[in-house]
Every structure is written in structure tokens, then in C-alpha cells.
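Okay, structure first, notes after.
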Amino acid sequence: MWMARRSTAFLTVDFAATGKQVGALNIPHSPHDDAWGTTRIPLAVIANGKGPTVILTGGNHGDEYEGPIALGELIRELDPGAIQGRLIILPALNIPAVMAGTRTSPVDGLNLNRTYPGDPAGSLSQQISAFMCDVAYPMADAFVDLHSGGSSLDILPSAIVEPAESAEHHRRNVEAVLAFDAPLTVVVSNLGETRTSTASAVRAGLTTVGTEMAGGGTVGIDALRICRRGVRNVLSHLGVMEPDGAQAPSHGERTILEIPGEKGYVFATGDGAFEPYHPNGTRVSAGQPAGRIHFLDDPARAPAELTYGQDGIVYGRRQPGRVRPGNCCLVVAAPFRGDLA
Amino acid sequence: MWMARRSTAFLTVDFAATGKQVGALNIPHSPHDDAWGTTRIPLAVIANGKGPTVILTGGNHGDEYEGPIALGELIRELDPGAIQGRLIILPALNIPAVMAGTRTSPVDGLNLNRTYPGDPAGSLSQQISAFMCDVAYPMADAFVDLHSGGSSLDILPSAIVEPAESAEHHRRNVEAVLAFDAPLTVVVSNLGETRTSTASAVRAGLTTVGTEMAGGGTVGIDALRICRRGVRNVLSHLGVMEPDGAQAPSHGERTILEIPGEKGYVFATGDGAFEPYHPNGTRVSAGQPAGRIHFLDDPARAPAELTYGQDGIVYGRRQPGRVRPGNCCLVVAAPFRGDLA
Amino acid sequence: MWMARRSTAFLTVDFAATGKQVGALNIPHSPHDDAWGTTRIPLAVIANGKGPTVILTGGNHGDEYEGPIALGELIRELDPGAIQGRLIILPALNIPAVMAGTRTSPVDGLNLNRTYPGDPAGSLSQQISAFMCDVAYPMADAFVDLHSGGSSLDILPSAIVEPAESAEHHRRNVEAVLAFDAPLTVVVSNLGETRTSTASAVRAGLTTVGTEMAGGGTVGIDALRICRRGVRNVLSHLGVMEPDGAQAPSHGERTILEIPGEKGYVFATGDGAFEPYHPNGTRVSAGQPAGRIHFLDDPARAPAELTYGQDGIVYGRRQPGRVRPGNCCLVVAAPFRGDLA
Amino acid sequence: MWMARRSTAFLTVDFAATGKQVGALNIPHSPHDDAWGTTRIPLAVIANGKGPTVILTGGNHGDEYEGPIALGELIRELDPGAIQGRLIILPALNIPAVMAGTRTSPVDGLNLNRTYPGDPAGSLSQQISAFMCDVAYPMADAFVDLHSGGSSLDILPSAIVEPAESAEHHRRNVEAVLAFDAPLTVVVSNLGETRTSTASAVRAGLTTVGTEMAGGGTVGIDALRICRRGVRNVLSHLGVMEPDGAQAPSHGERTILEIPGEKGYVFATGDGAFEPYHPNGTRVSAGQPAGRIHFLDDPARAPAELTYGQDGIVYGRRQPGRVRPGNCCLVVAAPFRGDLA
Amino acid sequence: MWMARRSTAFLTVDFAATGKQVGALNIPHSPHDDAWGTTRIPLAVIANGKGPTVILTGGNHGDEYEGPIALGELIRELDPGAIQGRLIILPALNIPAVMAGTRTSPVDGLNLNRTYPGDPAGSLSQQISAFMCDVAYPMADAFVDLHSGGSSLDILPSAIVEPAESAEHHRRNVEAVLAFDAPLTVVVSNLGETRTSTASAVRAGLTTVGTEMAGGGTVGIDALRICRRGVRNVLSHLGVMEPDGAQAPSHGERTILEIPGEKGYVFATGDGAFEPYHPNGTRVSAGQPAGRIHFLDDPARAPAELTYGQDGIVYGRRQPGRVRPGNCCLVVAAPFRGDLA
Amino acid sequence: MWMARRSTAFLTVDFAATGKQVGALNIPHSPHDDAWGTTRIPLAVIANGKGPTVILTGGNHGDEYEGPIALGELIRELDPGAIQGRLIILPALNIPAVMAGTRTSPVDGLNLNRTYPGDPAGSLSQQISAFMCDVAYPMADAFVDLHSGGSSLDILPSAIVEPAESAEHHRRNVEAVLAFDAPLTVVVSNLGETRTSTASAVRAGLTTVGTEMAGGGTVGIDALRICRRGVRNVLSHLGVMEPDGAQAPSHGERTILEIPGEKGYVFATGDGAFEPYHPNGTRVSAGQPAGRIHFLDDPARAPAELTYGQDGIVYGRRQPGRVRPGNCCLVVAAPFRGDLA
């Protein structure tokens, strides 16, 4: 049989054209209420002169807002003449989740960021990640994926390094992430997870920058400011834009943290409401009490105390008070122990 | 390890027997409320003498009724002695969706017609398509799949040509589709979609006939009449039945249309109610206003107008007034530009 | 205890002001995701000089689109100087249902048109109907409520008379409805239902006009045209606008129909797909076969035939093919037997 | 007919006994999965000597955690010998919502705090509020209801005054609320809403104290500390406990704020993500830009700016970034203009 | 205003006619998918000669099958000539719940048996109970309502006495219930619940018989046999039918039990799986261990033991192993302490 | 590209340690409400001396309770010194389903026991089965998987033989299953299903024992007793524990039954309530009436009778009375015809 699992997606922009185009990636999708329609994913191409191609995405998770807002502004405000190279911007990559305000897609229930490298003939989320891996990454030099903590986590605003196999690639990533100039720079491997946008971008050889901008499912005033600056800083670093004097790196420090494996996480062991003892940013030690779970349906039962498993600083905490066993209550970051070459 | 992803489906009919049998394809399925039960898909075999084997299916989508009704009548009314060959009839192929009255399956959420060639150890929809590809197609010469527009589309009643790679196969399909004698004959490739019943039947070498019979999720009085006649016309064409004098081809014309790629579709760009300007069948031109989206929550905001992207006739329109970005509002068909050999 | 079940709703328009205001009726509503927010119901007031106050509503059911579209146009296009009197226009009265595209409200599951006279301290639908009965009706002289058949019914476009107790009031309603100049004029009492917007408007003494504009959940091209004209015709009849020469009554005929009680309805008796035998508008007789129910999961079982219970014309039919026992398959209208005074 | 809408609820504690009892209010409830079971609402009675009866409740909304945690601690830690009077404590009043972590009840979909005075034969939420009004309030002198902002709002921690009709009662409430010694004291009438726990407690004559402790659906470290102190402060003020030297009032200031009606709220006008311009606590003026709504599905469309309607301080803001029209984005508090007698 | 909350229900049978009629009670109901349809509740009238009118209902809860099956047989098998009087039989009173196989109605989420005396203009369940109280009960002398334990309870098959205020009425009920001749006869007041079919029938003066026939949501072979016999026994007792020699009372014993208030129930106190120690019918004592709750997510935690609160026999037990706090795990019945006059 | 679909799961126990450890298998899972959390699956390791490694699992389906209860007891009660070898116990393998009390997983909708051999980068159920196949089975000698009938089936308590390819392996399985000493021993191939835990354990070479312990979704008193004994019997047979004199095999008989293919099942053909004619354990013959389906919405329609397709004993029956076409109503077991070597 002749058959390929080929994509039926199509675009309303021309990747080869110069100037600014705002259009859409259309993925045909045939649910009950729209037999022959498409999912329209906003996509802009801004190109001028010679220079690298940079992909910028927001809205990989639908409840993380700083990325979509900052990239929408970039699309509306950037003068193509101000750049050398090409920007491919998808500010609301997971558009069904973005419009629903949920982390995971209401269409197929999947977490887009656990579907890479995707499947052009799979469900909608898998088709989105397949477009990124099969079409977008191969034409790009660098990738910036803007995340925040989402509805369930409140995280210290930070720029994220996705680990790379080769020392050269790792250093390239670290330099680009430091250029973002977030208050913190953190190496996050998600326990070695391979199915993310950044892990697959790194496998494709791209210089890759991630972020975690506050969270709690809200729009952070400070986080948004950091994100706006950081995107332009990275584009300057990559040579696409002129450095903006008013936006010169300010944090100076180049300390790099990491989430040191499973011991960095404090997971709930019971079903109740979690009371943390320390705000984000507090310096803590392994074995120190971290908080406790109150059993709301049985006020006579003593709360269950949780402890940190790692020395470091409190890097993130659960936003919802209600916890069930296994929920991530706290995350501790520690100095990066890897080789920065 | 020895293991095959093999099917546990079983049948209550004997494909080798002569006469009329009405039974079921049973697919073991083990949900919460029925650990050891099956999904019963109605299946009839009507066989007599020598002649081709024709598979006829309805209810691939559960909200398209002309096919299931016409095939149910065929099962009840056809005298086995009136045919030469074998009919394998599944009038409600996607039985869970048919009983729910929905396009997609309530069991696994999938659109059956995007699951071919299926998986015998996959979810229920995948098991149905695997049965068709692995068991049914290999024993058949021809395939008739009766679709209508469904809940979301109202389409001009037409017989559909699925493109084939070889000129001979394409001509074979076209002749069989023209024999159906619908008011229109249209080549539909669904933007090159490979995961449909007809695309996979063509890949299996079968002479293949599709339909789109009105729609709107209702039972069309005219569409039902066309469908009843068309099925018998095709069976005559294939040599299974005698031509019925009372049912001789009447439309005479052999003009063939096609959906000319993505430009044939008018997609919604906003969130509101779509007002079309022209009924189905109107001749229109690329660039001409096609309708407009009214913003129901903001009556002070002017509607957004949409335009046709292609010369042709209005072949289908969205049934629900409510639209969201990406929804298919209108479809334009144009004369087929391919080679009819 | 001192306590009244009082409303906390508030408006952003001034009913006493002259000119055109487009604002909202805000009903505080405190669900999980918006503790202190409101439901915003679009509302416009257009007032000039002396003349009657007329309330116009659309979107009582959220899947009936001609009313919201025609009233939105009226809001945007009407020059206040062109009227004498006051228009209070709520084009999307049941805004949560309108945005969901459903008949019933997604907020409380209720059919707004079965909640009158409402409850200012009840659920959201009850608060909407209470606003109409407690605040809007008392300041008005006339009421126009624009309905269509909705997702489940396809109805011949018609203007509707809500019966009144007094002969004078009934005659007043009939004259206003005839002024609408729809293809048909029908008295509909919904089997004596008292919980509708129009029944409660009549109880409040208002001259009342209803409509049923096609349906099937779609936007009818003809129905929309009839509706646009009809609204302006009624406003002329009421003395709010000058008659428009181009819009002079054209149907001339003043025949009035009615749904003659429960015998006018053909209800499904089984679970399957309903095949009607006649299109809307066909003249039929009591006892005549009306259609039949095909049992989709058992093609060997003979269909069940239904018959008309009343002489008349087929006034409406069910849009979805799928029926369950009790579903309304067909409606027959007959000449009005009441006294038109 | 003899029939009363009487309650079938029963208790496992004795309101007349001395000492500490931890039991439950049981409300028989007969859903699909538990025909003869009950809803168990934790309830403690701590009584000793002579003194007033104070009811303390938390978990009126299920996503507000400081109250349930602080009251659970009070139950476990308080020595009955340390009080004079009686405490009736329901730390998780709306237990189904508390266990679900939602504002509204998963059982009947109602917001408990919009069901007072309830109905002993109504749905579960109505039965809970009926128990409070019919059984609990009549045996009490004072009422403390501990709320937080919940999932949708982040509010400056404050103690809340529910307005009373009589000057004496109002003063009594104000004094008790000031004794709580929160950073802010605010009069909140919820636009005159009568269906709340505190409005009905005031109607029953009880000295009434409310709170809004931070929010965002999380457990606030500071808010929890304020809440723990505040409860003990109020109990001292009411004469039930000895004042604790270590907990003496510290805020000193007795400035009282209010939400000045509908102008105090900034509501969303569009569908997107809301970017606030100012953090909570900022002093702002009527007419000043407050934030803007970014349209996530259309990055080319300029954001819509919202403005404050009132001078004052930003008292609360929406937690989720995603907004739909009518959502409360910001709340402004202004100095209380009423008479404090 | 003239307005009554009147019913729009209508019947397809004539209560005054002689012979056997099988038709329906139709309650107009206007949901999203059927604007003008009805809910069809099967209803039969069998009448002959002179004698009392007896109402028989099954399917008050939709997961209790012995009643609907036995009453369906009675409708099909009973020769009208064999009776003196009139039977009004509704074997599937709560037809939406019956077709869903759930205790509560899928239409409005209500437990029909907690809605009496209903509301003719309320939700569907309320309209059903209003029909019973307003239309059916006033024309009847006796009422038989056939329940089983349902999905959540397995109960010893028994006939149930609903308490009556007057001694005469109570004795009348007891005699009719004893005539049913179930293995057990039990007085059940549901803790004084007034909103049931039988409580309202007693308030209407009818001789009233209830049952609890096994349960677990299944069809009990023995329970069905007892139920078939019992219905005919009661009809003989009431003088509607001749006593059937083959069906003469066999249990002889007239011991009457009761559920002795809240102490008769063993409620879950934790969240896990309940292991009972004794099968139904075991004689137990107050204070004796009854079973224990295993905490499935924490195998290291010791189970929590529950004890009986009452001497008696184990009358019923929870069917699902999974329990949450408040679920009814066991029910104990004890000898009736009331006056049997 | 370098990429493996590798697992991110981690454990809190050490498989190489001696003694008793109770911890968890943690599978990172990133849904909307817990971005960086895990699913915690309880897991215990009990090891001592030399001997085989045996894996014991319960809660493969979440509504089967005897296994989780018996294995929880084993974890709490077993003294490591009493064994020679290693036990790896997962009493609630499908923890999300166990906590929901459902057969299938509420997380991904899958039946865990149709996902083997799983996928370490798939959905949660697929990750669980991948852990078993990739990590657990390779370190084990034997596998005991404790099932019951679940919510939908009531089955005679039995120990189950999973067929093996080789005679030696089959005999090894049969001997271990007979050692369990259940009232019945049955060979169950699930129509050749390959995607189960036991089929994949056999493919991995493990001595494999299954069970079906009563069912109906309840905790069977007898079934629990059989299960407790059986587990210890099997461990003795495998040489891990000393035989317990008090628990010596009692059933003596070694008759082995099987489900003889699709003829062993009686499937529903209609939509109604199924009345069985015989209790479990009855001896029946092919062609004999087995029960009938009552059509609850049409009491005038005669029930449809079903017949047995096989001689044997009634081994299981459907628990819910409500049936739809294809549901398994009854299962017949017959003497095993295979070779027991």
C-alpha cells in the first residue's frame, strides 16, 4: 500500500517573504461540530535582510500568559526594518488550551509539551508538535519557548536551560539563556523528560531558551516586564536586533541553578490543604520541615508534616491549597553541578 | 516475546454462506459498565450465484442518516435471488456514534474516518477500521460508503470520487460514481487526507464510491430518495443486480466537480454568528463577499465580512449559526481539473 | 426578619436619557471562576421625542440567530432622530446560551423561556426573567420577542400571536403581529404554557409580538430578510417609526393559523432515526402516515410508522434525524378557530 | 394535608454539654451512589462556664483555606478550661466544595453563600444554610465567618463589616471587626446581596465578623498568621477568652474602607487575557487606566484598555489571566462614607 | 396578574374507560435537543366493574428493576375481566432515570423521591411528583410503590410500612403490607422524610404499600418472584382480584421490624474500601464491630473499625466497596416499637 | 536524533534491600492542576534470605476490592523473617481508578488491562503497564494478579489460569493456580486477548496466577477469605513461605474449567433490563432459555428471550439490571478441553 502519515496542515503566510505577515497555521480537524473546519493557530513571520531564523512560541500551555502577551506585542510593534534575519512567532501555539485557559488541550486531553516529536496523523496536539519538529525546527537556528508556572505552580521568574548532549551546544544554550537576563537562570531537565518542545528543539540542534515566568495562572506584572525585556535581549544576543541601551543586562550575576532530580521536589503524601512554611526564595536545608497537610474533613486529626529533601532555595510552590497524594507542593533549586564548559 | 496485536473480534454470520444473514460484528470491549461484553455492529451478508463482492457501509459518522436508512431497507427488502454476487452491508458501522447521534465516537472521542487503517489492538474506533482494512476489504471488489453532511454541514447531494493513483483505477471509480447518478459528482480529497475509509479502500484496490447526501444532521427527504436509487444504480453498474427500468439514469450530465484545495473553503475568522449571503448552488467568484460574522455579545461592533477564495458554486454551508475561528462556513466546488482518462 | 428577595442587577444605561446608548444589564453572578463578577447582557436604549416604549429581545434561546442579528443591526443603524418614542433592545437576552450556541443556559441548565416571571434572588435565568417582569415590562407599551426554531426544529417562518384574556388585548396583539407581515401568522399557546416571555408580557398588558423564523440552528437567509422587515413594520405599526415605502406590507393575506393542541404534534414512539414523508408546508390529514422511525441498531426490525393527528399543513419538523420516544417529529398547523373579534 | 418542610439532619454532638466535642452535622442525602447515606459536616462544640455563644465557620466556599486551617487548629489546641462561654465551630461548612477545592458545591452547583436563609427540604446547599439560620443562629450571640478571595480573586487581607440596619448593631459589628485587627477593615455589602451567611446572621441579630484573607485559591502564609491571631482577638473582645499579651492589637489604625458600589469594580469587556497595571494596594483615581485585555487568538488586534471607575486603593484583582466579558478584573476600596455612630 | 403554575401535561389514556389501555403520560419538556417534545411516561389503565382504584408504580428510582419488570408483566398479562375496580400502573415513573439506569434523574439531577408534592411548573422530576399528588392520588384508594435497594444498597427483600398519623390509617397500611407477604415487613420513616411518594400518598389518605426488593442495581431472581406474588396478594387483599390459591400467604409470621432512627445506620467515617464482617440477616448488638475501612492509597495505615449502634439484624449493606465519609455502610433493623393498634 | 521513549518514573524503595519497605512508584504526570507532580502508586518490598521474587498486584481495575484489601494486610502483617525470597507488592496498581472506584482509569479513560506491554512515554495507564513489563517482570519469577468481577459482573470465586505456549510453562501455571485452592479453577483466555497483565507476564516467562473473586463492585465476605488464604497458599507453593497448617488445601478437587470461546457468553440483543432465569452455579445446556430482556419504556412489548450457547455451569452474570445490545449478561464455564500435560 502507498500511504504516508502525512500532514494536511496549511499556512496563510509565506516563510520566504520579507516584511511582516500575520496569519495562521491551519490544521484541519473534524470534530462533531465542524466537519470540514480547521484549528487556526496564530502565526507571524517578520523577516528582513540576512540573519538567523528564530522561532518564538507562547501558549504551549494555555494558562501561562506572559509569553502570549509579550509575543503579541512583538508582532504588533516590531518594525521589520529593525531586524536582520527572520522571526517565526506563534504566540498561542496551543490555541485550544489558550482559549480555554487550561494547561492541557480541551480537544484531546493531552499536555502538548509531552507529545513531541508528535505525529502528523495523530490527534490535534500531536499534529501541532509534529508541525514544529517536521516543518518549523528544520528552518530555524534558534528557539525561544516562553512558559510560566501555570495554574498549579508559582515559580520565581527565571530563564531555563534545556540540557544538550554536546558541550558546544550546551554552552551555546547557556549563553543565550544568560542573555535573557532573568533574575534566575535554572537548568531544568524535568527528570530527563524527552517529550518537550525544548528537548526536541535541542535534539534538532537549535540554540534553545526557555522560561518560567511566575505563575499561579495569573498575569504577573513583574514577570511580564522581565519577559518583554528578555525576549529582546535574546534577539540582540542572536544578532537579530541591535542591543537596546535601555535594556542592557542588569542582573550581572551568572550563577546557574538546577532542579537536582527528584529530591528537589516536595510531594504531598496526603489528601487535604497544604500550608507552606516559607515563601519562594527562602534558603532551606534537606530534612527541614517544609509545610504540613491539614485534613479538612477531620479537624481532630493532626496535620502531616513534609520536609525538604535537598539544600537550596524554594524555587516554586503549589498555588492551589487543596492537595492530593503526589501533588508537587514545593520545588527546591540548588547550584548547578554540571559542567558549563 | 511472542505477541501480535491481534483482533479478538468475532462474527455471527458466515461470509461463505449463500442467502441472507443478518447478524453482527462483535468487538470485545471492556469499559467500566460491561467488563466482558462486546460492541455489536449490525452486519448483513446477502449472497447468491457468482459475481463481485460489494461492501456497503453507512453510519461511519453517527449523525448522517440517509446511508443507514437506505442500507437497512436494502437488508430487509432485497431478495437474495435478485443478485449475482455478494453484498456485505454494515448500515451503522460506527454504532456507538450512530446511537448517540454524533459524528465522533462517544467511546474514544475519535472520528472513525480519521483512524484508517486502524489497529486491531487499539481503541474501539481503531478496531473498527482495522476490521475493515484487515478483514473486509481483502474479500471485496467494490466499496460504497454513504456519507451525508452531518450536523455541521449542509451539502448539495452528490456522489463522491476518491482519487486513485492509477489512471485505470481512477476511471473505474469515476464510472461507478457516475452510475450512482446523483445530481452532482464531486472529487473530494479532503486536502490529501489518507486516514479515511475511501482512501484506504482505494489503496486496497477496490472500486470505490462515496456520497455526501445533504446534511444538517437531519433526514433529507430528497437526499434519501437519491440515495436509495443510487445504491441500486451502482449495484447494477457493478453487475450485481439487474438495472431497474424505473431507476434508469436521469441526470445525463457527466460534469465532474472538485473541491479545489484550501481556497475552496471559507473559514470563520471571528467568534459570533455567521450570516451567509447565498444559498447552496449559487455561482460565485473569488474575492466576492460570502457572508459576515455578527458579534453577538457586542452589538455595537460592526460584523466581519468574509470573501470567497475561489470561483465556483456554493457546494456546502455550515448548519449551526454559531461559529468560532477556523470553522468551515462555506465550501465552493469548481470544475474538476484533473485527468479523467 | 427584614429581608426581601431583591435584585443586585445594575445597568450602564439611563432609561430616561434621549439618544442612543449601547451598554449592558449586569447581573452579579458568583461562580467558581469569578467570585465578584457579573453576567453582561448587551442592552441598548434608543429614545427620541414622544411615543411608546417598545422592548425588543433576541437570543431568549441561544441557538436562534435571526433575532440577535436583526436587532444588532437595528442598534448600529438606527438614527435616534428617526423615531418617536423609546426602544429598549436586548439582542442577546440569554447571553450565556447565545455564546454557547445552546437553547438552554449553560449556567443553570434552565430554559429561560420556562422561568417567567422569574426570581430576583434565584438562579441566573430566573434573575433575567425577573428583570424583564419587574423592571422592563412595567415601563413599556409593547414587546417583540424574536424566536426561531432552534437546533431541534425547522419551522415555516411566521409571526406568532400570544393569546390574551381580553378581546381588546387579543385584537391589539393580532393587529401588531399582522403588521409584522410574515409569510404565516400563527397563534401558539404552547399547550397553555404560562412561563414564557410573551405569556408574561401579555399578563403585564403589553402589546406582544412573537416570531418563529425557520430554525435548524442555522442562520436562514430568507428568514433573516423577513425578520429585518418585520421588526421595522411593527415599529411603524406602533407609531415609533415612519412606514417605509420600500417595506410596505406585501403578503396581504390575513389568514391566521394555530397549533390545535396536542393533536397538532407528532411525537416519536421509538428510539431510532425519523424519516418524514412530507416537507414543511404540505397539506395533510388526520390519520395519514407522517413518517417512520428506523431502528438503526437492528436493521432486520421493520420501521414504526407514525400518523398525523390533525388536518392542516406541516408547520415544522424535527431537524436531528436521531429521535427518542417523546421527541417532537412534526407539527401541524390548522386555521385558527378562536374569535378574532 | 399535614406537612412541614422539615429537616432530617441530625448531630453527633450535644450543644448543652460542657467540654470539647468533635463530631458532625449529618445531613441525609440520597444520590445515585449512596441511597441512605449522609453528608458529614465536621462540627465541634467547646463549652465552659458562663459566657456568650460564638459560631465560627470556615469553608463556606471550598477554595478558601485559611479559615478551615485556623479553625481546625483551634479545635485541636483550645483547652475548654481557657474559655467562658461556648464555641460552635464548623471549619468546613460546605464540605463537598471543600473536598473538591471549588467555590461552589459539586453536589447541587450552588454557591452556598447565595442560598441563605436556605430550605430544610431543598438541595444540599439549601439544607446547610437552613441549618445555620434555623438551628445555629438562634442559639448564638456572635458569628465569625472566615472567607478568603478564593480561586478567582487575590484580595488584601482584611476583616469585613456586614452592614446592619440599626446603629447599635452596626457599631457592635464594627467594634468586633476592629478587634480582629486585620491590616484592613472593609465594609462589604456585595451590592446589597441578602443571601449571604453574614447578611442573614445580622438579620438574626448576631454580632457578625467576616474576613477576606488573600486568595488565589492558595494558602497564604501571612494571611494564615493574620487569621489565627484575628480569631483569638475577636474571642477576647467578646469575652470568651482572656486577651493574649503576645497578641495585643498592633495595627492601631481604625480607618475603615468600603467597596463603593458598582463603580468600585473594573469588569472585563472582552474575551482574552487581562494585564493589570498596578499591584494590590496601589492608590488609583477614577478614569485612570487600570489594565488591558490582550486578544490571544488575534495578536494583530490592539488590546482593549480598562479604566478605574473610582478613586481609592486597589483592593483585589483577578487571579486567572484568562477573562471573559463581565469578569471582575479589579476592585477598588475607598474610605467608608457611612456613619460609624 | 392572572397566572397559575398550571401543568401542561396530557395523557393518551382515558381514566374513565373500561378495559385495558396502554399509553403514556406526556410531560412537555423543552431542552436543547427537543424544543417542542415531551417526556413520555408509560401508563396503563385496566378497569372493570366496581371496586377500588389502585395506583401501582415502579421505577421511581431508575436502578431498581423488580418493580418495572413485575408491573410490565401485569400490564401485558392481566385480563381486565379478572378484576373489579381500576388499576393505574406506571411501571417506569421516572422514565429518564430508568433509561439511564440511575437512581436520580439525568434531566434535572433530582431524586424524584425527594420532590413530593412537586410543582406543576417546576423541573421535570417536580412535574412528575406534582402529577401524582395533584391528579393521580385524588382519584385513588390505594397506592403500591415498588422499590429495591438500588445501585448502592443490598437489602433483605421486604415490604415497607409508611407511618400514618391516625391509628386507623396506620392499621390499614399495616394490613395491606402484611398481605404483600414479603419475607420481612419493616416500618421505614427515612428519619421522618416527608418528600417521598409514600409519605405524600399517606398524607392524601391512601392505603399505602412500599417495598425494598434486594438491590445492588441488579435484577434479583428471588426478589422478582416475591415481588410478582406480592403485588397480586395486595390486589387480592384490596378486593380487586380474587385470591390465587397458588399464591396464598406463606410466611405466616407477622413480626414487624423498623429502622430505629439514626442509630440503625452505620456510616463511613473515612475514605477507602469498606469490609463488612457479617452478611445481611446476621443478628448483631450495639457496640459490636461491624466492619472496617481499608485505606487503599496507604497500605501501611491500619484500617478504621466501625461498630453497630443498635441491637437487631443486619438489614442492608452497601454494595460498592468504595466508601467516602458519610456513606451508609450498613443498616440494622429492630422490632417495631410503635403501636400496631 | 538521539531520543528514547524513556520513562521518568522513580521509586522510593530499594529493590535490593532486605526487610520491609513501604513506599511508592512515582510516575511524573503533568495535568492541568499539578504541573510538576506525580502519580503515587503504593509499592512494598519485603525481602529476606534466598528465594524467588514474586510480584503481587491488586487494583489493576479500580472496582475490584478483595485484592487490594488482602495485599494491604499482607504488607502490614507479614514479618520479613517469615519469608525466603522477595515480594514486590502493588496493592493498588491502578491507583487513579482505585480511588475513583472505577474499572477504567479516570486519567486517560483506558482499561489498564488492555494496555500491556505499555509505553514508557505514553499516557498514564500505558506508563504503568510499561513499568510492569520493562522493570518489574524482568526481576521476578512469579506473578499473582488479584482480580474480582468488578462493578458489572458477579462471578463465582475462582483462581485463573492464563494459557502458556509451552507445556512446561502451562503446567507450572496450573500447579500454582491449583495451590491457590479457590472453589473453582478456570482457564480464561479472554478470546485470545494479548494486552493483559497476565498474558504479558506469561510472555515474560513468569509463573502466573490470576483470580476472579466474586464481584458486583462490592467487598465479598467469602471472597475476601478465599483470597487471603489463596495468596498465602501460593506463596507456600512457590517456596517463599512455610505452609500454614491451618491453611492446608481443602478443596481437594482438581477439576479445571474454561470459558469455551464466544459461545460461552450470552450477550444482550436489546435495550432494557435483563432478567436471568438461573443463579450462578446452575448447570445449563446449549439452547436452553437463559433469561429475557424487558423493554422498560414500552411495557406492552413482549420481552426478548436469550438462550445459552454452551453446556456448562453459569459462571458469572451481569450485575446491573440495565442492559444495552452487546452487554455480557451471562457467562458459562465448561470443563477444560486442553491438555494439562
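In this document, chain identifiers A, B, C, D, E and F correspond to the written order of the chains, with residue numbering beginning at 1 in each.
Going forward, contacts are C-beta pairs under 8 Å (C-beta built on N, C-alpha and C of every residue); 3 or more make two chains touch, one makes a residue touch a chain.
Because the structure is a prediction, the values reported are computed rather than measured.
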| item | value |
| --- | --- |
| Chains touching both chain D and chain E, listed by label | A, C |
| Most widely separated chain from chain D, with each centre as the mean of CA atoms | B |
| Chain E against chain C, contact positions shared by both copies (same if over half, else different) | different |
| Comparison of A-E and C-F by number of C-beta pairs in contact, larger one | C-F |
| Per Cα centroids, the chain farthest from chain E | A |
| Whole-Å gap separating chain A and chain F, where each centre is the average of the chain's CA atoms | 41 |
| Residue list for chain D, restricted to those that touch at least two other chains | 40, 63, 151, 297, 318, 320, 325 |
| Complete list of chain pairs which touch one another | A-B, A-D, A-E, A-F, B-C, B-D, B-F, C-D, C-E, C-F, D-E, E-F |
| Parts of chain A lying in touch with chain B, wherever the complex brings them together | 1-6, 8, 10, 26, 28-40, 108, 121 |
| Complex interface listing, chain E residues touching chain D | 61, 63, 102-104, 109, 111, 113-114, 117, 149-153, 165, 190-195, 200, 203-204, 262, 265, 267-269, 316, 318, 320, 325-328, 331 |
| Footprint of chain B on chain D - complex, ascending | 271, 297, 325 |
| Chain C residues within the chain B interface of the complex | 22, 40, 42, 44, 59, 63, 65, 68-69, 71-72, 75-76, 89, 91-92, 95, 98-101, 151, 154, 216-219, 221, 224, 273-279, 294-300, 302, 318-322 |
